[in-house]
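I have placed the structure first, in the form of structure tokens, so that the comments after it can refer back to it.
Chain naming follows the written order as A, B, C and D, and within any one chain the residues start at number 1.
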Amino acid sequence: MSIESIMGDLLVHAPAMIIAIPLLGAFLTPIISRINGTLRNVFVISIMGLTSLFVGVLANDIFTSRVIKTYVFGGSQELTSPVVRILLEIDALSMFMAMIVLIVAFVAVIYSWGFMKEYTGLDKYYTLVLLMTAGMFGMVLTGDLFNFFVFLEITSIASCALIAFWTTKGESIEAAFKYIVISAIGALFVLFAIAILYGQYNALNIATLASVMKYTFLDKVALVLLVGALAMKAGIVPMHMWLPDSYGRAPASVTLILVGATQASLYGVFRVCFTLYGKSLSLTNNILGLEDGFPLALGTSLGILVVLLAIVTMLVGVFMALKQSDFKRLIGFAAVAEIGYMMLGLGVALLSIEPTGLSGSGLMALKGGIFHIFNDALDIGLMFLVAGAVYWATKERSLDKLGGLARNMKYTSIFFVIGLFAVAGMPPFNGFASKLLIYESVFQISPILSIVAILSSIMLLAVFVKVFHSVFLGPAIPKFKNVKEAPISLLVAMIIISVLIVFIGIFPEMFLNNIVGPATDALVNYSGYIDAVVLGGM
Amino acid sequence: MIYNIPFIAVAALILIGLYAVVFKRNLIKIVIGITLIECGVNLFLITLGYREGGIAPIFTNLPSGTSATMALPVPQALTLTSIVIGVAVLALMLALVVHIYRHYNTLDAREVRRLKE
Amino acid sequence: MLDFLNPLLETFKTGSGFWHPIIWIIVAVIALLIAYIVRGFGNKNYKADSGQTQSFLSGNPEYEKEQMHVAGSNVYWGFLESLKWLYNILNKMHNGYINDYVLWFVVILAILFIVLGVI
Amino acid sequence: MTEMSKVVRTITSLSFPFILIYGLYVIAHGHLTPGGGFQGGAIVASALAMIIVAFGSKWVLDRIKEKNISLLESVGAICFILLAFFGLTYADPVFFKNFVVDNPYLFGQVVTDNAANINTAGVIPLMNFAVGLKVIAGLFVIVLVLAYASTAMEGKK
């Protein structure tokens, strides 16, 4: 066997392996952890390493050749029409999201080594982490709506159990209960919408559905249910209340993966709007059901709503973050505000879509929104990791009681400063690049939106300066005199994310051209997505 | 009309479930509400697979020489998957309610709110 | 030889503007250098451990160092105070009832139904 | 939950094997009749739940450790995924390939007539066994732990 044939085999089976290997690892973990705790940690990290090998091979192929890959389970790889197979369909956007999932999961596993050391029940913890990773990979890679629902539920159940991992604390349990109620209802409405689509078109495949979409009354109902439920899972104001609760109370390593899970739901919104209903976006419908009043294209009416929700999301997020006194809950509200930026990019792109396609500032806004998904996962993730390191060292989460920690935790405070600048969109870190894209392209549509976005960014800076002041600066507090620096695995996890932040911040154009650009093109070009599966195209 | 009854039942189940989740204060009742929504969605899926005069989709069940209509098995498979997931979610929610009762000594949703503002 | 650097050093174009991070970093470093030089012009006769370093609080006694730290919830007190009307609304919104979380979802669904012209 | 009256315990002991056999039958015939791993597993698990109700969770926990049941559940899941992985080792490799088809011994026969032949369907019955094992263990441990938790809560009062 030559190297090329092995690489070819890896490439052919990579889509299935990306989901299957974490799944296998998840169920092997309880058995291996009976032997030894250290062996289990090494095993979990090596499982993630193996997964990243497959992700790397597949990403390299997809971003260089810009093809759409499909993988059919259990049968020949040749597709027949109509598609009745269970298949994965991977375009550049799926791969982009898979990279985010890989980064957050990998870093979280490394972080867990030191962070969760003193707790028991770690075999279940790692099982759930790997299960959640598999679920998120499935959500972003699948080409089948029902499988999307199944993976959504796998992710929700695993993450809910992880939020409630510290069962000795009432707040953790409460947060987990709120999370599971929200995600169960959201997922059930997603399933209802899928059933409506299935009842009409007798298909579950996203590409097939998109090719036969007629935008009837029932399709509108399905669109509303899908967008509403997935937006709730993504944490859009006013359906965001579960997000600070669960982000604030989960262990920090879990919170990092939760950021990825939230963004996988956001990926669902993007996919539904642009691929599933891509053909219908320029169709006209009458608002309020009037016969002759307010004829607006679907893209416009949905875009107005998404932009309004995005503005509210940014403002409510920062205003609530400003008054929090709990470290992780504050970052949770900041995460809500960051989601607003991605939604703003999506909404502006929807607003400026035309029958011929998307171009100019609308495309740039969408690029900014997608770019920001990556940056948000890194920035907010780094913030949560720092909060976790502070909690590890002091067992304290209230900003009122913390103080003067920069003396004892030098490296952690440096990472916090990097994260602070990145979240607030200060050059030369990555947050600035994507936010600049959003500001400038949104300015073409409406200056007010741009001003609100910049204002919210400034307030984010103010929020995190407050945190920096009250946690790391100030006189040494006697209670924390003997606080130690975070252990090596926590520092390694933070270093990985910081290096990525600085790298993307200094070389944004390369990242934009090679990774974000193909992802955006793949999202906008829905006919390419359809052609890859449905024979004979549309 | 008779064929619409399942769909009316679907709407009724989902609305009753939502009512229970939104207006009931007992956590167990909220869990029951979610289960009702799930039942509604499952009923909707299974109704979609109904064919008049169809028989169960078992390959060996088909009387030889005839060509009876078989009900489509896909919605049934979807429903089964959804039921399996529902069991997991239900078990998880009940376990969390047990824990909440242990920590808060109440099942009133208005008092289980240490996380607010 | 250094061709592989070319894609890294491209200017970041946003469609309506551009930005080059490397140049920005160089400028920032120069600005910091200037600031450092200006700092060198400062007062030379500063002595540590003398009366110069004592803080003067209008004749009031100085508190212990631990009590001087402004706690997290006291930062931006004025801002929160002046926007009390807004925060009252937001606090009412974030009341922590699980029922209301779902109610908001139903409200958003209703708005979506109306905006997309279903109803 | 403490144990219930002698009548209940006797009836449970009597009916337990029948429910068990029926559940295993549903698992084994999953590829021929309505049912399969989950449904049969749920039936078996309900028999086990009946034991928990009749004899009390403490009685059950004295005999079998919750940790061991969890292990059994993992084994079921691993079997399922490994069966999917084995599809990669045969000619024309695909994940989830039905690799045991076309052999006369183990579920490999191809259906030719209309008779219910249990020795068919390839990898599907094997996966049904794996899922059945997982569901039995999973549901059993859920009911057991929930029952034990509520017992502990009653004891605290």
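Everything below uses one rule, namely that a contact is a pair of C-beta atoms (placed from the backbone, for glycine too) under 8 Å apart; a residue touches a chain by one contact, two chains touch by 3 or more.
In this text the structure is predicted, and so the values were computed from the model without any measurement.
A.B. asks: If we look at subunit B and subunit C, which chains touch each of them?
C.D. replies: A
A.B. asks: Using mean Cα positions as chain centres, tell me which chain lies farthest from subunit C.
C.D. replies: Most distant chain from subunit C: D.
A.B. asks: Highest contact-pair count belongs to which two chains?
C.D. replies: Answer by contact count: the chains A-C.
A.B. asks: Whole-Å distance, subunit A centre to subunit C centre, using C-alpha means?
C.D. replies: 23
A.B. asks: If you average the Cα atoms of subunit A and of subunit B to get two centres, how far apart are those centres in Å?
C.D. replies: 28
A.B. asks: Whole-Å distance, subunit A centre to subunit D centre, using C-alpha means?
C.D. replies: 35
A.B. asks: Mark out which residues of subunit B touch at least two other chains, giving numbers and ranges.
C.D. replies: Within subunit B, residues 21, 27, 30, 112-115, 117 contact more than one other chain.
A.B. asks: Where in subunit A do residues touch at least two different other chains?
C.D. replies: Where subunit A meets two or more other chains at a single residue, that happens at 177-178, 181, 185, 245, 320, 323.
A.B. asks: Note the residues in subunit D that touch 2 or more other chains, in rising order.
C.D. replies: Residues of subunit D touching two or more partner chains: there are none.
A.B. asks: Mapping chain-to-chain touches, which pattern fits: line, ring, star, complete or other?
C.D. replies: Graph shape, chains as nodes and touching pairs as edges: none of the named types, so other.
A.B. asks: Which chains touch which?
C.D. replies: Chain-chain contacts present: A-B, A-C, A-D, B-C, B-D.
A.B. asks: Which subunit A residues qualify as touching subunit C in the complex?
C.D. replies: Residues 177-178, 181-182, 185-186, 189, 217, 220-221, 223-225, 227-229, 231-232, 238-239, 241-242, 245, 285-289, 298, 301-302, 304-305, 316, 319-320, 322-323, 325, 360-361, 363-364, 368, 398-404, 427-428, 433, 436-437, 440-441, 443-444, 462, 466-467, 469-471, 474-478, 505-510, 512-514.
A.B. asks: Help me check something: in the complex, which residues belonging to subunit C touch subunit B?
C.D. replies: 90-91, 94-99, 102-103, 106
A.B. asks: For subunit D, which residues count as touching subunit A in their complex?
C.D. replies: Touching subunit A from subunit D are residues 70-71, 74-75, 77-78, 81-82, 84-85, 87-88, 92-98.
A.B. asks: Under the touch definition given earlier, write down the residues of subunit A that touch subunit D in their complex.
C.D. replies: Of all residues in subunit A, those touching subunit D are 9, 13, 16-17, 20, 23-24, 26-28, 30-31, 34, 71-77, 127.
A.B. asks: Quick check: in the complex, which residue numbers of subunit B touch subunit A?
C.D. replies: Within the complex, subunit B contacts subunit A at residues 14, 21, 27, 30, 34, 37-38, 41, 44-45, 48, 74-75, 78, 81-82, 85, 88-89, 92-93, 96-97, 99-100, 103-104, 112-115, 117.
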